[in-house]
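Below: one structure, written as structure tokens.
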Amino acid sequence: MAYFARKIGLLLFALFVAVTLNFFIPRMMPGDPAQDLIDKMQGIPLESLEAIRAAFGVDSNDPLLVQYGKYLLNLLKGDLGISISRFPTPVWRVLQVAIPWTVGLMGTATIISFFLGTLIGIGVAWKRNTKLASFTVGLFTFVRSFPYFWLGLLLIYFLAFRLPIFPLGNAYTPQLQRGTMEFFFSVLRHAILPALTIVISSMGAWILTMRNNMINVLAEDYITVAEAKGLPLRRIKTLYAAKNAILPSITGFAMSLGFVVGGGLLTEMVFAYPGVGLMLYQAVQSKDYPLMQAIFLFISAAVLVANFIADIAILILDPRVRDGGK
Amino acid sequence: MIELDRLEMTPLLQCKNLVAGYRIKSGFVHAVDDVSFDLDRGGFLGIAGESGCGKSTLAYAIMRLLKDNATIESGSLLFKGADLAKLDEEQMKKIRWVDISMAFQSAMNALNPVLSVGEQLTDAIHAHEEATQSDARKRALEVLKLVDIPKDRFNSYPHQLSGGMKQRVMIAMALILNPELIIMDEPTTALDVVVQRTIIEKIQELRKTLGFSVIFITHDLSLLVEISDTLAIMYAGKIVEYGASESLFNRPLHPYTKGLMNSFPSLTGMIKRMGGIEGKPPDLLKPPEGCRFHPRCPQAIPICRESCPSLEEIADRHSVACFLHKGAEIL
Amino acid sequence: MLKDTFSLFIENRKALFGLMILVFFSGVAIFAPLIAPYDPKTNKVDVLRIVEEEMGRTTTVEREQIDEFTERRVYTQSIATTYERVTTKLPLNARPSRQHLLGTTKAGQDLFSQMVYGTRITLAVGLVTGLFTTILALTLALLAGYFGGVVDDIISLFTNVFLVIPSLPLMIVIAAYITVRGVIPIVLILGLTSWPWSTRILRSQVVSLRNRDFVRVSRILGERPLYILFREILPNMISLVMASFFTSTMAAIMGEATLEFLGLGNVSIVSWGTILYWAQNSGALLSGAWWWFLPPGICIALIGTSFALMNFAIDEISNPKLRKR
Amino acid sequence: MNENILVLEGVNKHFPVNSFRMHGKVVHAMDDVSFSLRRGEVLAIVGESGSGKTTTANVMARIYKQTSGRVTFEGREISKNMSREDELRYHKKVQMIFQDPFGALNPTRTVGRIMERPFVIHKIAGRRKAVEESIDKILIQVGLEPPEQFTRKFPHELSGGQRQRVNIARAFAVEPELILADEPTSMLDVSNRMSIMNMMLYLKESHSVSFIYITHDLSGARYMSDRIIVMYAGMIMEIGPAEKIINNSFHPYTRLLKSAAPSPEMGLKRKRLITGGDIPSLIDPPGGCRFHPRCPFVSDICSLEVPAMKKIDEGHYVRCIL
């Protein structure tokens, strides 16, 4: 359980760092962005100004450390501040609407992409001297370098604009009654292109990592032993090769999760998908700093938790880790 | 009765003029070049030589486990009437582990780290016969007992075992289908002397009770002399000397064998200056003309540079491939 | 050894292909003024203004020699022909044609010229950021390796933490606060958010090299710690440093395109990212102007592939298992 | 001259365990190690992996600092913290040869560049020309002839035996007083071992150095050394003149080692001492005699306390209650 304790420690510390960054970034910026904003927003309601002041400690006479303490305290109470663009809605309430969409879309897409990518990676490593394998590797090396948002644009152009199979954006048809079957299918139909974008863009990474891990594992003695034992190829491929190769892949998965989530945010922006990503974009556009920071915190927390889940997966799969070893 | 006797008389494995190696960009590497030997039922054949002399390629060729670009070019491997060199993959699969199994150099890497000892033992059974879980488990526990590993280790993972234990698990695994031949590729090299000795004594004991044959590959000639009945000394892909261990130890004929014998100081005998062999084995991509050992041979004569001596029987069960002994009778 | 690695690198087909792509784009960036047929920023309105100004000036010169009537005629005529020329030369939102290989933007800018000039900014930002990140990461790695103990623990703790804090949102947040819009802030933001990956890899290499026998031998011989760090350890990291540079550069190019696309950079400069920004903001997608947003993405992917291929090659050279046999 | 060049007195080396669960525990890599080395002598340390023999060498080479105990070299105590000058002076006198000949050579440097470092660091031979001459001379001594053919090569272009010769040449370049050789032949091909061993013996004579030879091979130890130390699980079990250790071994572990070692000259099918088990964990070493769980002659007392070193003959000591 030492492993467990260490991972929880790291998780909490990372959260703490994210929170701290969140506090200090606006305060460390040259030329006081909050004051700038206040100066620029002369026409806005006084309460909004108060919200900004509170969020940034403008005019506050407290020393930085006291401000930091107050900030932490508020955070613990679940108080993330008040949104500027949707004044006077509290930030967490604004976020609440967006979170399910993002979790649904990105969660599903990431899981599909990981499993599909891993499977293809196993396949191309197993038959690595075939033309098809080389072609797949080459193709995904290229596709992996597409920016997420660009691939999204491409899919919109071809599959929603030229051939109007899918909707251009949004997450559902607004006129539909929530909770009906029709609504459900509409949600599904709207999610396909954004999900496809995330899957295609992120799959390359899993394919290539899994392929490399597999090739390394296939050179191990225990694979030769398994062949010598006359085990069925399927068993060698899964229990001997893939089960070992997937361990570093999961670590890699956890590590690049932040990157995938970033890509997911961009995808939402392009598809005007009403999730956290689009909200972040709007917050940036409207300089809704409290909302923006809350989103950053939420995403960090989500990625950290996902990382933790990956660590637990390793714990389950690798007996060496279970014993607290390497 | 006579038929049966004849069957008993034929060697278990007859390797005839085997040529195997691997193809690389610049040509064919003759890792095993025209190798012939017989292995009797219940026999213990030791194969010794420096690293890169083709010992491991030979082992993998017998198991037909040569990787990627490595192939058997010609020759035959008669095993109980079938030529292993010509069987197709399906037929070979039926022989592997059932009739011929293998123990590897480093048990550390030869055991799958994410499967328990029990799973790895039983999956060999399930791969070759219909057996229930509990039957397979029972047999696995039996072989574990043979190598003195307590029952409760059945559910252990490799990293929970010590080096010596892992090697014994490896041997248990090789025994599990009761094969007639076990090929051991440096099974004890990575172990400490005391543990190594324990395992070797165990192998000898099991061989007596279970009656399997062993091909034992190592570079440690002093160990091999003690444990094997027959010895083959390999150099640069060829067997240069072959015969009964005692005969080879007491009267090494080939200068290479002599050199190897001179490469380990004795523990209790007189301390004398030892020489070893100068130089290094040749590049098998372009081995030297004539006898492959002549550039390093202290006793080379002109003919050694021109032609390659063949392996000839000089005394009873003692052959050597060297011009110094050509035609000469050893009394 | 270095020479060997280099020749292995060149002999590797993947590396060679990747290098060729990079050399191609570098050439385009360096010789942009010679390649681009138009000024990338000048749009139709600009051209008209310039022409008018020019015309005004020429006519004042000519006025002394020509009578008023002729002058007026010449002036209007030249305005007309120039206008004609400009409209044909700088059509708005035009499909690719012989005059405009990649078509034009809604404002009439030549996209081919924009792509050519954009290569400069994109590549420069990528390479500078890549270099900056790699140097930062290498410094941290060497510090960790040199001091070991607590310093190493702290560096690796923060590396691990920042590795899991998602960098793109962080980038966006930082960029949103920065009031100065330009290339340098982008380089800084990208560099400051992307060091953990390289640091982690380089640090573990330093630590493993530090425990190698040849380093121990150096200590027993009496070498100074700094000499060991820079002369014994560092030369053995060249291929990994290269790999991390390639990866960082690739990530930086992506990151730059992303930030520019979101309008968080300086949208008045010409880079592949800003081309996409303008394409998106001018509704290129829904007016069917595929030529506007297609080329930048393909070029980014090509550059990315180029770095990825070179990285594969380095992997293959240092890990023989991956080599195709 | 029977002067002691190096003396270890009650040296312990404990490594903290870097793991959450085992926090606060230590690996007992060396416990109560005491011995002395006479000038010009070859002393072999024999033991299995995990016996602490390599740690002992690393403490003597000052790669590790001992946890406690005294190390005295040429009559002066080697303190844990040394000034740079003292450190240099010590390293000029004590050199080490490693087990893995390839790992001990920086792969990015030519043999020539590797060989010139000792001369530069310790300012031996002065001018460039003189340095080159000295390098050539020492390369010839280790059998790398002609030297100019090797100075331009990189380690990966050499064979295992040649690499180890370069390592040996580098160790001897500073004209040291003491060489620590940590299994210098165990990773070499069998055919090379003897020539490297012979070469080391020759260099030891011609440069009149003292030698600590670490090995797991009892017969190699006998071939090389005057005296042998047998170590087990971090402790010295037996120490004495080489022939006495081999022929009149007293400690059960030494006897076991001897019985296990291949020695075809003693008859091919002889009866041997056999034991089960493995080297114990050094984090929680067994109480009492560390060998008692594997000892064929174990009695109840063995698990109670660590036996002291007992003199049984001139220069022959053993740690056993028997």
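As written, the chains take the letters A, B, C and D, and residue 1 is the first residue of each chain.
By our rule, contacts are C-beta pairs under 8 Å (C-beta built on N, C-alpha and C of every residue); 3 or more make two chains touch, one makes a residue touch a chain.
The shown structure was predicted, so the numbers you read here are calculated from the model rather than taken from an experiment.
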- prompt: Among the chain pairs here, which one is joined by the most contacts?
  reply: A-C
Identity of the chain that, by mean CA position, is farthest from chain B: C
Centre-to-centre distance between chain D and chain C (centres being mean Cα positions), rounded to whole Å: 55
- line: When centres are defined as mean Cα positions, the distance from chain B to chain D in whole Å is 33
Statement: So, in whole Å, the Cα centroid of chain B is separated from that of chain C by 58
Query: Within the complex, which stretch of chain B touches chain A?
result: 63, 65, 67, 93-94, 96-98, 101-102, 104-106, 109-116, 123-124, 127-128, 157, 159-160, 173
Message: Can you tell me which positions in chain A touch chain C when the two form their complex?
response: 10, 13-14, 17-18, 21-22, 25-26, 29-31, 33, 36, 128-129, 141-147, 149-151, 153-154, 156-157, 161-162, 168, 212, 215-216, 219, 254-255, 257-259, 261-263, 265-266, 269-270, 280-281, 284-285, 287, 289, 292-293, 295-296, 299-300, 303-304, 307
Query: Which bits of chain C are touching chain D when the two form their complex?
result: 1-2, 4, 212-214, 216-223, 232, 235-236, 238
Query: Touching chain D in the complex: which residues of chain B?
result: 50-51, 148, 162-165, 192-198, 201, 219-223, 225-226, 245-246, 249, 259-260, 262-269, 271, 273-278, 280-281
Message: Which residues of chain D touch chain B once you look at their complex with the stated criterion?
response: 48-49, 159, 161, 189-195, 197-198, 216-220, 222-223, 246-247, 256-266, 268-269, 272, 274-276, 278-279
